[in-house]
Amino acid sequence: MMEFAWIIPLFPLLSFLLLIVYGKKWGSAAPYIGMLLTFASFIVSLLVLVARFENPTYKAEATWLTIGDATLTAGFEVNQLNALMLVIVSLVSFLVHMYSKGYMQGDERISVFYSYLGLFTFAMLGLVLSPNLLQTYIFWELVGVGSFLLIGFYFYKEEAKAAAKKAFIMTRIGDVALFIGMILLFWQVGSFEYDEIFASVSAGTISSEMITLTAILIFIGAVGKSGQFPLHSWLPDAMEGPTPVSALIHAATMVAAGVYLVATMFPVFAASEAALMTVAIVGAFTAIFAASIGLVQKDIKRVLAYSTVSQLGFMMLALGSAGYVAGVFHLTTHAFFKALLFLAAGSVIHAVHTQDIEKMGGLWKKLRLTGPLFLIGTLAISGVPLLSGFFSKDEILVATWVHGHTILFLLAIIAAFMTAFYMFRLFFLVFGGEARGDTNHVKESPNVMTVPMWVLAFLAIFAGYINTPWFGSFLGDWLTDGNAALGHGHIEGPIWIMGLATAVSLLGIALAWLIYSRKSLSRDWLSSRAPYAYQLVNKKYYIDEFYHFTVVKAASILSRVARLFEVIIVEGLIKLITAFITGLSKLGSRMQDGQVQTYGTVAFLGLAVLVIVLALTGGYL
Amino acid sequence: MSTVPISAYLTLALVLFCIGLYGALTKRNTVIVLISIELMLNAGNINLVAFSKFGMMPSIDGQVFALFAIAVAAAEVAVGLAILIAIYRNRKTVNVDEFDALKH
Amino acid sequence: MSGEFLIFMLLALIAIVGGVMMLNLTKVVHMVVALVFTFISVAGVYVMLSAEFIAVVQILIYSGAITIMMLFGIMLTRHNDNSEPKAGRIRKILIFLSILGFGLVFYLGIYNVEFTQEATTLHENNTEQIGLAIYSKYVIPFELTSVILLVALIGAIILAKRDDLEEADKE
Amino acid sequence: MTFPYLLTLIVFSPLLGILVLAFTPKTKESAIKLIGVLATIPALILTLYLYIAFQLGAKLSDFAEKVSWMQFANPEVFNSVYSVNYELRADGFSILMLVLTALLSTLAAIASIHIKKEWKGYFILFLLLQIGMFGVFAAGNLILFFIFFEITLIPTFFLIGKWGYAEKEKAALSFLIYNGIGSAILLIVIMFLFAKIGTTNIEALMSILSNKAILSESTKMTLLIALIIAFGVKLPIFPLHSWMVRVHVEAPPSIVMLHAGILLKIGAYGLIKFGIGFFPEQFQSLATWIAILGVINLLYGAFLALIQTDFKKVLAYSSISHMGIVLIGLGAINSAGVQGAIFQVVSHGLLAALLFWLVSIFYQRYETTKLAELGGMARAMPVTAGFLLVGALGSLGLPGMSGFIAEFMSFLGLFKSMPILAAVGCLGIILTAVYLLRAVLSITFGEGKTTNKVKDMETIEKIPAVILVCLIVAIGVYPDLIASGLTNTIETIVIGLGG
């Protein structure tokens, strides 16, 4: 079965091509085509995953480009990690396709929407299947384009335009770093193939400085894609896209691509302690940084977006702490519960037509299906025991502790506390209490939207059981099977960590309950005591403004300098040349005054000059 | 044997030629321009005659050529003056710098 | 310093002074008259060069015919306009300098010209020799010259003739 | 497999169209346009035949042609004769350029449906220009090269000066002045080589210049610098580019398609073929400077494109920026870099043609290209907007399209030889994305600023766009498509460079 894995991305590609060309003609049939084709790729992915359990890694490639002596190949590879990713991506994608049928109902450009979804899914699946860094990079960028197109789907909104542009450019900054890292690695190794890179890393043919440099450059690429600090600010803005898109791209799949990349390149990172440390620090900092911003956001999707950033930080922290399995595990569980949360949020937005949580409230009774689903997602992300998020987050904390990052561990604990707090703040504000907005004609979403959520909810609860301290670390053992560089399948840690994690998440929930549901603590109790801190957090630490005043300003100043240069020097050059030539012409035409004597004078002057020059140079004297 | 070297004659011719040239290029009156040209022709004639006496192959040919040159110069003056008078009739001037029909 | 040289110097001086005066005088008639000296002294130079016939022709044609014709030309046109030419001083200086350079180059070229051969028989029956050459060796150019003179004659008449028809049209 | 005089047929095939046009009445607009388009078809078929024959393994020497043309004596050496032959030849690179020329000419001829006046003169000049372009790429010696080079200049001058926009005369004039100076320098170099070596045959010159110590080092260096300036005007290399901006802005879009697509590439072609081909060692010692110039071109163009308010100007500066990548590739002096440069030549040709065709389409409807006056085109003209987005994405080096391959290989090459410079140059990749998205998004996205109802692309207008996009994607997805034909050429060049 695995030799047919290449067919998986082709289904969505077909969907993209068909819909972009015939979409208008087919109109309302478009969603079914998209769903059908992604379902097909989900089935094949599932078969491939099953096949991968029994068989070794499969790899196929063909010549793609010849450069001098080097031959670059294109192909695909099925190993543990990407077999797993294939299933996650195609499943979430299929569910989102299905959900969108209801969510986007009535939009006249629905076929365009589905074609973009197809393009994105194609690119993401292609990214996952890539056996070499170059191909990864190619799909990496294509994923970015899919995301760009979908963020800018409501192109007539200025915010959507700005957000799409920002997303593309900020991720591109990271991409360029990846590009550089990739090329540097190529000249070290002579190949883009992962196998060969890992082989020469382990053989020690690359200097350790070079490994650190390339690893960090590649990590910057991941930072851009996964919205890690300091390239995170596009991700919350990306919420301008339709909500299903946020669920698919900006929660479950694309933003996880950064984590996936680091995971794929893990042997390179593992070879450099400095690179690992960087990953861990950036991850931990992002986790707490984004969580703190999430505390005060008022837009339901933005809260979820910052929570995504924060969770991605957790994954990076795991990878940076050599917790390969923990990172991938959390990636998996996060994909499910965050997609669930977004879809549920979408369902809420679909019902109340606003994203402002201040205008919601009391929806629990109105949305009898969405409410519990959202609660499941919230519980999972908060790390409440027995749900998937609990297990994966526990793995991360253990990995961090065991690796000896005490400070990072503390940060992670605080971030976990904050996560629980802001998620339940969100939950209570949206579903609890009294209605603050007009909720009379709020209706539950149709089945086509709720069914995908049920599937995700199921996974959000039970996906954690594939790798637990109690029932065996099946996932970890399988992932690390046959590759010692990835570490152990399960890291044993002190039992109190699990207790601590449970305690902080429950504490967070309790605090949220006290403030937003019982209202026994005033909402602005904290913000009124530290107005500056509140302002700082509310303004997202002024990161956007900082970029605006540094990077953007610098670019525009440089542009202006260049324009000055252009106008003065380059245009001056052409002015000089034209002035010279027109001057000569003017002189010539002034000679042509029709007077014999002038003509005679000029002719004689010419003769005299000629004679004199000849006499001086010709040696006739 | 002549005691005056050929270079003396040639130098005289050169000086006269230069004077004629200067006159032809700077004088304003057309008559003077014409007569300056005659002076230049004269300078040429001196050379011809001088080379007929001194030279690689001295012979009478140089003098014959000088004669032809004088004949042509005479014809030229006749035509030149006729043209001058015709122009004067139209333009009421004999100043060279007011003749700019070549421009149009 | 032989007598011949002295005479040459004298003739050359007169010729050059005549030329320079032509350049510097203001009245047109004076200019023409100044040139007559030049022409006559050039005739003297011809004599020194054993070209008596040319010398006579020079006096006849230049000092006589051409000068008279020029004077007629001056008389027939208005020539009292003595204002300085508009073309500026710069051009004059430019012309002067280039002529100077040109003259200098040529002077340097002819300074050392020396021919070993010298015709010694030119002055013997000079006119006869010329006549022989013209009517034997140069008969065709000679005839052509006569045609030129004829053409010039007719051309001059036609050009200078007052065009009665045109005049009539104008009036 | 091949037949004699194939190259001659290709080069002069547009003459047929000129002849037919000469006897067509001036006023029959549609007939003239039809003839104009049809006249480019034979060349397209022939070049495709040539390309396929070459890919199937025809020997390059089979294509070469040689007819004695003129001879004259060498004044310095008794009994030796200078001869100039009419000789055409082709190699992998020039075959590629011939195909590109034929293709873009056909598309530009189709694009000329937007020309509004004096179609007859326009198409005659257009076909003449085509002859010139074919000739440049097929010329077997420098004299012929120069003649055809000049043939491209004069029709372009008139095409810009007569059928352009508001300041067309100025643009045409500065085009002529700059290119005139460039070709004068080129002529001096050619004549110098001819006088010193006695031949202008390109292959012969290559072997003579590489084998014998026939010219001193410093002479060679001077000649190379002169060549770089001559072709640098064409390419254009900073700071010789300002004519090109004007031409891009003022010329009719169909001509800009050819101009950006082919004419600028003559500079790159000449630089690779003659600059590196004749003086590889000197080029190597200049490589750092070439690469630095390339990075400057890349960044300078990008920074200026960032603040332009006219879309055509954005594209013009983006062309400058993209030509920087050609220089970067050449400056890398290894096979990856050279291949990248050639790919960029082809890729930018296609992309620039696509973008200017789209400019033509929406200028036709909105009569403006100012960014401030446009907006929300995606609503009124979704297909055009889509193509515009595809063009921009391709241009900013999106993988899967030809631009990325070129950019990737050029930088791959440069990172090997000068990693720090390459890292600086990578800034250009970001800037390219910034300015292109800024411009394209402000045209297509956002509120609709133009109220008048417009029709989206007509079918005939879609043809060039679809063909171009298909090619761009084809090269991007499977670059070996054209890379395989170039292997020999690049090998020759790189061996010349000694690496």
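Each chain carries a letter (A, B, C and D) given by its place in the written order, and its residues are counted from 1.
Assume contacts are C-beta pairs under 8 Å (C-beta built on N, C-alpha and C of every residue); 3 or more make two chains touch, one makes a residue touch a chain.
Since the model is a prediction, treat every value here as computed from it, not as a measurement.
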At minimum, the number of touching-chain hops separating chain C from chain D is 2
Closest to the centroid of all CA atoms, by its own CA mean, is chain D
Computed over C-alpha atoms, the centroid farthest from that of chain D is that of chain C
Between the Cα centroids of chain B and chain C the separation in whole angstrom comes to 5
In whole angstrom, the CA-centroid distance of chain A from chain B equals 94
Expressed in whole Å, how far the mean CA point of chain B lies from that of chain D is 61
Expressed in whole Å, how far the mean CA point of chain A lies from that of chain C is 99
Where chain D touches two or more other chains at once, the residues are none
Residues of chain A that touch two or more other chains sit at 597, 601, 604
Each of the following residues of chain C touches two or more other chains, namely 87, 91, 95, 99, 102, 106
All chain pairs satisfying the touch rule are A-B, A-C, A-D, B-C
Within their complex, chain B touches chain A through residues 21, 24-26, 33, 96-97, 99-104
Note: in the complex, chain C contacts chain B through residues 2, 4-5, 8, 12, 15-16, 19-20, 22-23, 28, 31-32, 35, 38-39, 42, 45-46, 48-51, 53-54, 57-58, 61-62, 65-66, 69-70, 72-74, 76-79, 81, 85-87, 91-92, 95-96, 99, 102-103, 106-107, 110-115, 117-119, 122, 126, 129-130, 133-134, 137-138, 141-142, 145, 148-149, 151-153, 155-160, 162
Counting only contacts in the complex, chain A reaches chain B at residues 592-597, 599-601, 604
The answer for chain C against chain A in the complex is residues 87, 91, 94-95, 98-99, 101-102, 105-106, 108-109
Counting only contacts in the complex, chain A reaches chain C at residues 597-598, 601, 604-605, 607-609, 611-612, 615, 620-621
